[in-house]
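Look at the two complexes coming up: chain A is in both, with chain B in one and chain C in the other.
Moving on to the complex of A and B:
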């Protein structure tokens, strides 16, 4: 195998593929990235048997072939290459050595033959859905944090993506909170076509990787019975689909609140961030933050842990009954970190009923949590 | 017509008998008690069909003359006390004079006895409590009681008996308890001709444990002894090494003044001493012999004498807890010392280098199990197929006046815990019994850890420390876990005190999380619902056995279902103990799980300052040698050992 390519292109492709490379595996081959050179391009693949990522870059290929190089090392080497161009060439001999040259740098490193590298699952170009990559990325960012990381509950560790002609929605529920993000198609844009009506349950793990490789342009999605394929121009990601029934979440989002507070997003976020400074490793999950209103314009945020206390007053507008309840601070902060809006509302149903956090304007986001009880 | 009439003699004594003998095991227990009281050194128990057909108990004790033999079956006839005050200084098992008449009331009994020094023996046969035949016969010294057709005349009680096997098992358990209580007596137990237990009677706890529990368990036991400085309580026993645990309390045996007892305070004391070394639902091995002045205990509580009331529960609790705690600490320390000790001992043994000398040693009992063949009783005339045996020399097995067993030679010196424990709470410094006070095991080892130089990390997991001619390997994850665990315990105590209860805050579920539980898990859940609710779980029960979670402890939101299932499985085999504050214990042990999650993972890289901080915290712990799951935190090796392995020295 022998090819020459652009160092920057290669680095981007390596970093993408690396995200899907297995960390702990009994198959050493999966710890590497597959480089397959043929016909004017090099295909780079990382695959941990759950998620596969492939990037294709243009190259000047003088001898085609396929090799696997350790992913960490390849990323480190590529990052440090001195010249905008890089050449790869395997040498014949009894050991499997590939030479990597860039400027005056000349590496000789081990590789494994690529013939046995597993093939990414084939997904026919069916059940198509096209969304702008930026919008898909934003949907993921506003929901994936609310997925469970407990793999034993697949329905709770994935996000549901649902599309109708003029909007797309993504929902995640980990059992204790719900995050819903919505995107409205720009119907004023002549080039924008109505979306297909689809519903996919995608593993949170795949979405976390996908989020990092999304860029500009459109994302095309296709599904087979078991897999989903994301086509992103020169990159693609394949993942298993979650085979489980998603919770019927419509009934979970409460209406008819008893109290409503309106608050500046940054102000509330930094208050809660300050309160969390008091958490030690062992407090992480068990020190609640307390919300209590005083009159119509003050919210007292109170935190007590084994290390100390924080008591801070935040300016708000309150309509309805006074509020006094406690939350897992992590649940609140994670939502506040992903809301782009300047002001948010929190709607309460008493001290134990569900609370909804949403932007003051529009319906692009809703987040439901339950107060803690003692 | 008057309705009330006096019960006839037999009916009255049968009702009374129910108090004393309820099943074959209790008959055996009473007969063995009598044999022990008669000074037997060899006791042989044989039963057929679970004891329902027949029970035979044969001893080599002092026997009775004809007059006493007849009298023994009269109610309240006893040779053991004459007035009520005698109870306060009781050294015998029996004292009521009830057992033999009670047994004779519910079975056919044959008594054969020859008083020591007498020319011949004497036999009595009783049916329905009445003597029906008497004769003289030739027989060895001692007494044999044969009990046949137990409860035959009492269908109501007969019905309560379980299968032969179950009854036989209970009988074996009863004899086992006595054997564990009396290592100076050789017990043999045969059921339907098969020997199921045979103890040597060489007055060594290790030998009895070997006979009862087998080699695999016995070699993981450690002898210890403790004399309280006030000279009131003396404790000795065998403790299992930390990994040796069970899901039930069947390995916890307590003996007071050579009497097997069940005292909740003792269970609690032992398990509390183990706290932090056991996983949820695990119970340790502990065989404890306590010697107390007889006037301090009250045996007259239960007709079967199984329970025993202390004059002062809490003092006994404190003493036992600190004695066992000290012993465990020394065992852990001894485990660390072992590697060096073993290799030093094998100094000239070059083959040791070719093998794999362990770096970490767990405490092993040094005693060899080449116990002498247990003594045998001779056959009796007119008995069924008992194999002939030769009576062993009596003097060898003479019972000792008091249970003052000297530690057997060959026990490792550092395991004589006297010094270790004597330094514990409240012991007067000038106690005459103690040698010049030595430092506790941990105090000797821990300063060295702080002095030690940090030499690096193996596999991103084990910290290497060097001090003098020794090196230590510290499992960073286990160490951190233990630090967090102790911090959590402290926080929990504080929160409980302030009434904050923050640890038990619950997070309700947005939608019920359905659980699919196996029948076994479901049974545990139903049985221990209050425990789970106390921990912060809430459940919704639907039709068709459906269960779902409606709230979980706030600390368990990351893996709500997994943490619950884990807890269910751990509880599955545990048997609830009487009165040992189980809920509290469960809560504490539950912390270990959380501590584990928060702890530094095995493969996290630590910087040198972090290592120093970790060690400093570690050595300040109450129990720095084992993680909450009972695994060791550090092991020790020596330069000598390395030199030997590299053949730099021989």
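Moving on to the complex of A and C:
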């Protein structure tokens, strides 16, 4: 195998592919990145058997071939290459050595033959859905934190992506909270085509990786029975689809609240962040933040931990009943961190009922957070 | 409880501290018991301990008169909204009393007897404030206080002779008069029961000492229904047994009373003989209430959910306020209602999750209400909400959507069960004795008293109406 390519292109491709490389595995081959050169391009692949990421870069290929190089080493080397151009060449001999030249740097490193590297699942170009990458990225960023990291409950560790002609929404539920983000298609834009009606349950892990490789342009999605393929120009990501029933999330989002507060997002976020300064590692799960209203314009935020207390009053506007309930502060802060609006509404339904964060205007998001039992 | 004056009442369930006495005789004839040697209480106290009972005279009316000195010479009634014409007398001053105006009677009736009376609407917050100021005065003498409603309080005086206690009683009487401009009557005695009867003995602005030497002369001739926890129904049963006075009760064999009336019978017997060793606990060690409730007689009969809602709201606020004072949440909600024909019914339900906020309590009560089909066209004269299965609020576990779904599923399942079986299972799930049916509490004579009604309903199951049936 012998090719020459742009160092910058290569670095980007390596960093993308590296995200899907297995960290601990019984198959050493999977700890590397596959470089496959042929016909004027090099394909780089990382694949941990759940998620596969492939990036294609243009190259001057003088000899086709496929090799696997340790992902971490390849990334480190590529990052440090001195010249905008880099040349790869395998040398024949007893040992499998690839020479990497860039400027005056000349590496000789081990590789493994690429013949046995697993093939990414084939996903036919069916069940197509196209969304702007920026919008997809925003949907993920606003929901994926609410996925459970407990893989034993697949329905809770994925996000549901649902699209209708004029909108797309993503929903995550970890059992204790729900995050919903919605995007409305720019129907005023004549180039924008109505979205296909789709519903995919995508593992949160795949979305976390996807989020980092999304850029400009459109994301094309295709699904087979078991997999989903994201086509992002020169990169693609393949993941298993989650085979589980998603909860009926519409039923979880309460509507007829008893109390409604409107609050400055930054102000409340800062208060909760301050309250979390008192958390020690052991407090994480046990120290709730208490919300209590006093009159129609004051929310008292109260936190007690083994280290101390915080008592702070936040200006609000309250409609309806007084509020007195306690929450895991992490759930509140994670939602507030992704609320883009200056002001946000919080709707409450009694002391043990769900709380919903939602926009003052529109329906771009909804965060349902369950309180702590009394 | 006394008919229909249960305004702003609340119940406190306490564990009975008494044990069944080792009785000897089985057959009883009034008077025979005391003739047996060793059965007569000799009047000595094991230790020097005294009890005061302070009763604030005509409390609501007196507080009102502080603001309205111009009414001092007139008959004054504190009661439900006169504009609604069918209010109830909550309190009255002595001038109104002279026209035999009675607490609990309809305002129209009271005004017929005493047409010149001035009717003032109740201001509960002021009564609360004065009550607290009085308590603060009592606390100068003892930390052992047990209040019974806003206007009555026992004060335990450890290591004080009756003589010393009497001096303190006068001091309290004078201090309250000077600082609050209200009069109190104080009973001084060696048991709670006698102290209470003592404060009743002479009013207003008086101190009555019930000593081991004089109690037979002062207390025993009193009608038996003057005793705490002897309601009209129990009194009627006692009369049929020729027990008319407290003395008659004292002379009756306790074993017989136990057989007839259960533990409550024994308790009454001991109380009548001045042997109830009950003492006033320190406020800090008082057992927390096992249920917290509020009830109110309605100035006008209420019909249906819409008319009941505002009152339920008010009751829920009141209950929530008291739960908040104790930082507690409750797992069971009980709705109490009495029809205009004086039939009382209680309905209770255990909640999927403990609640404490006024809104949650209100909703739970509203739900119970709306499920009673008879309430659609039953005029109500009293409504109450009682929360039980109390537990500290503490820091709870994170709720999950599954909890909520399970909770609503459990609720649905419970609804499809016959009520009583569900309660039995619930009771079985708890430490024996911790949870009992309401009607069992009534017959067992545990204290259930009401803020405005000084008689416990414990002794008078039938007074609570036919709630034995559909209860709990």
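Here are some notes:
One rule holds for everything that comes next: the second predicted complex is superposed on the first by the 373 of 374 C-alpha atoms of A that agree within 3 Å, B and C clash if a C-alpha of one lies under 4 Å from a C-alpha of the other, contacts with A are read in each partner's own complex, and residues count from 1 in each chain.
The rule we apply is simple: a contact is a pair of C-beta atoms (placed from the backbone, for glycine too) under 8 Å apart; a residue touches a chain by one contact, two chains touch by 3 or more.
Treat the numbers as computed from the prediction; the structure is a model and nothing was measured.
On the superposed chain A, the two partners chain B and chain C do not both fit; they clash. In the superposition on chain A, A:187 makes contact with neither chain B nor chain C. In the superposition on chain A, A:116 makes contact with neither chain B nor chain C. Once the two complexes are laid over each other on the shared chain, residue contacts for A:149 go to chain B alone; chain C is not touched.
In the superposed model, A:313 makes contact with neither chain B nor chain C.
Contacts of A:370 after superposition: both chain B and chain C are touched. Superposing the two complexes on chain A places one of the chain B stretches 361-369, 469-477 or 505-513 into chain C: stretch 505-513. Where the contact sets of chain A with chain B and with chain C meet, they give residues 173, 175-176, 178, 247, 252, 285-288, 326, 328, 352, 354, 370-374. Interface of chain A with chain C (complex): residues 173, 175-176, 178, 247, 252, 258-259, 285-288, 321-322, 324-326, 328, 350-352, 354, 370-374.
By the touch rule above, chain C contacts chain A in their complex via residues 329, 353-360, 363, 393-404. Considering their complex, residues 149-150, 152-153, 173-178, 247, 249, 252, 281-282, 284-288, 304, 306, 326, 328, 352, 354, 368, 370-374 of chain A touch chain B. The residues of chain B lying in touch with chain A in their complex are 484, 487-488, 491, 494, 500-511, 513, 551, 553-562, 594-595, 598.
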